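Below you'll find the structures, each written out as structure tokens.
What follows is chain A paired twice: with chain B in the first complex and chain C in the second.
Then we have the complex of A and B:
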């Protein structure tokens, strides 16, 4: 999966999981300027984290656990994690 | 029996049945072996079925629409020794073929008299297939006593009178179609046979008008077609009452029907293995709760938890029923028997609750219940919300398994003809109404995959959309 599609998947997942924290300004900066957002700033509660992880799983087939999000801490780290997991799968298939 | 261009009274029907029974008897059909019927013609099939009942020969339907391999497989599962056909092309390799000459039905019985009616009323007389939306259909047998008992209970509850004329659009080769015809004839009433495809499409309303139908039984799909078909303005005659059957007859569909027709509509719910479980009676059909009516008086019904403890009204649990006259096992299938028949109860596999007023509400199949991070989700609840959207004709919810989250609920919707829907809007609507139990994806499909009986095949649907994003 291309990086741009992974970023789009994260964008959509944030739209679902971080409704109030992922405001218009952050959406614009995330998409247009490629900024790295800290999850702590996005005001995701436990339900939001679950929704975020489900959305990521549906769009990328990568499983993330809510507990992992605290560890990953930022959108860049999440994207990197997804890339790595998808890469591992590609390697395993070979 | 009434059919296009012809009415057959009981004397004529009896002569045809006797002639057919004599023919079958001469060919050695006996109570010791099971005879299959592969005859699509409604009248001939019914006569052959009655003849086998007269002889006490157990029977099973091997539907002509199924490919030969499926019919043979079913014949082998049941142990069918011979198969009655009218079309030699439908003969199977294996069981002996009994090519029934159709002219035999119009002639008086001759030669050796057929066996007298000494069939054991308690022994299996008809082998039926369950609706089986998952995997292989389960087989169960009903005795003549079982069928008679069911017919009599229904006749009492519906106050069936001498002018009763029943029409079902389900083929005689399907279990509900066959049982309806046998029940009607057992009661000495008129079974209306719609006939096979004619040069032009005839609406159910026209059939009811033409044959003076008092009882029209429709599945959900057929009911939906009647409501949405705006190509004509046919009305039902005043004598007709419509009965819709199935575990899900959406409230919106009932309201649409009542908005368009001044015809009584009742909803039945039951299981082929068990017979009728509940019914809406005049005045009992709430317009605010999508119930399948109140339990019929001749059965016992409970909603229980996993330990078998009865639950209070409003609580959702597994439905179980029992009655004086019920099937107690699946044929040659101990595993399915153990799952569905326990401690004298039959578990249809439906999740249900009772309202304070005693109406039965269904919440989907127990094996369809989803568990999303410990949140219980009932597909029927989601489907009801989606079907409230005016563009949605039918919705089906299925799970995408997730190692982390359990079952992620997804939905597919089939739209009304030339209708359109904004999926984001539908998602938002579902989210607003269902919160965390909302589907996480909604797919618009041309048609939901369905069984011959019209039930949505969720597992097939899940397979079709397994990789869709």
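Then we have the complex of A and C:
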């Protein structure tokens, strides 16, 4: 999966999971300027974290768990994690 | 709703051809079947979240009893235990809410449809998570089913209901007009729209459109954000803007509730108040968007709901806000008789369009 598609998957998941914290300004900066957002700034509650992880799994087939989000802490780290897991999967298939 | 549990939540759950116990048993069997297919925690969470969005307090108790024999470490046991323990009152009532799907996007919770004249109808506009900021049974558990009917609307397209409601119509006006044919609003003692987050502005619009008595918007988005959302989906905001600017008489009482320590939500509330005659109730000490969840976590959900609804959740007699709140606090068995729901600031402002 290309990096841009992974970023879009994270974007869509944030629109569902972060709701109020992922406001218009952050959406614009995330998409247009490629900024790295800290999850702590996004006002995600426990339900939001679950919804975020569900959306990521549905769109990328990569399983991230709510408990991992605190450790990952940022959108760049989440994208990197997804890339690595997809890479491992590709390697294992070879 | 997710497709994973559509059979649990589909229209016509209370079909009249079976007893409540049979229907709850059928729901439980479906739930067990669904979770047996889950291979990841996210799949399991997806099923549980969807079920939490639909079930009644009676169903929670039924599931809790049935799943009590599961190992304590099993996800199903842990989930239902958390859900059951979170019920604010956990009262077994003489009559209980039953769930009936009117169509895909509409669930009707009622105990006895023949006594509408005694009841308040609450039309709930759920937010993006398809719930009123918390599991549906927690909200229902606060309400006496003899006095309230609840209709929950869900916006699967997540465009502030502008593309309508599945089964009712493809735009807001059509969907709500069709909803009126399912519900005899005039038969009820009063009718209130109640929207959370992305459902906040639609709740205000619905109260204006359907001539409801009151609209309550909890942490609503500002209208500009709603308009931008519609724009991104190629939808016009003209109908919404016109409706919000209209002043039919009698105009519904509009109450906007937001966290006093949440900057974006405070700004959104102030912005909405400039567009529509409304009172703003700021919840002091609350910094989160999920105001109802905050009240629930502080053990104050029932008195807070009584305060914003402006009436008792348990008694028939019409009462002023202050009386309703103090009665509920006084009868809740809580440690303090202080009406802590009063830790709010009320900000009435005249309609700006009438100010000149």
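In this section, the second predicted complex is superposed on the first by the 94 of 94 C-alpha atoms of A that agree within 3 Å, B and C clash if a C-alpha of one lies under 4 Å from a C-alpha of the other, contacts with A are read in each partner's own complex, and residues count from 1 in each chain.
Convention: contacts are C-beta pairs under 8 Å (C-beta built on N, C-alpha and C of every residue); 3 or more make two chains touch, one makes a residue touch a chain.
Note that the coordinates shown come from a computational prediction; the quantities given were computed from them, not determined experimentally.
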item: Combined model on chain A: chain C and chain B, fit or clash; value: clash
item: Partner chain in contact with A:47 - chain B first, chain C second, else both or neither; value: both
item: Which of chain B and chain C A:24 touches, first, second, both or neither; value: second
item: More chain A residues in contact - chain B or chain C; value: C
item: Chain B versus chain C as contact partner of A:88, first or second or both or neither; value: neither
item: Which of chain B and chain C A:59 touches, first, second, both or neither; value: first
item: Clash with chain B (superposed arrangement) - responsible stretch of chain C out of 37-45, 181-189 or 307-315; value: 37-45
item: Common ground on chain A, meaning residues reached by chain C in one complex and by chain B in the other; value: 47, 50, 53-54, 57, 63-65
item: Chain C contact footprint on chain A (complex, rising order); value: 15-16, 19-21, 23-24, 43, 45, 47-48, 50-51, 53-54, 57, 63-66
item: Of all residues in chain B, those that touch chain A in their complex; value: 373, 400, 402-405, 408, 436, 440-441, 469
item: Chain C residues touching chain A - in the complex, by the definition given at the top; value: 40-43, 45-46, 49, 127-129, 158, 197-198, 219, 221, 225, 228, 262, 264-265, 288-290, 293
item: Chain A - residues contacting chain B, complex; value: 47, 50, 53-55, 57-59, 63-65
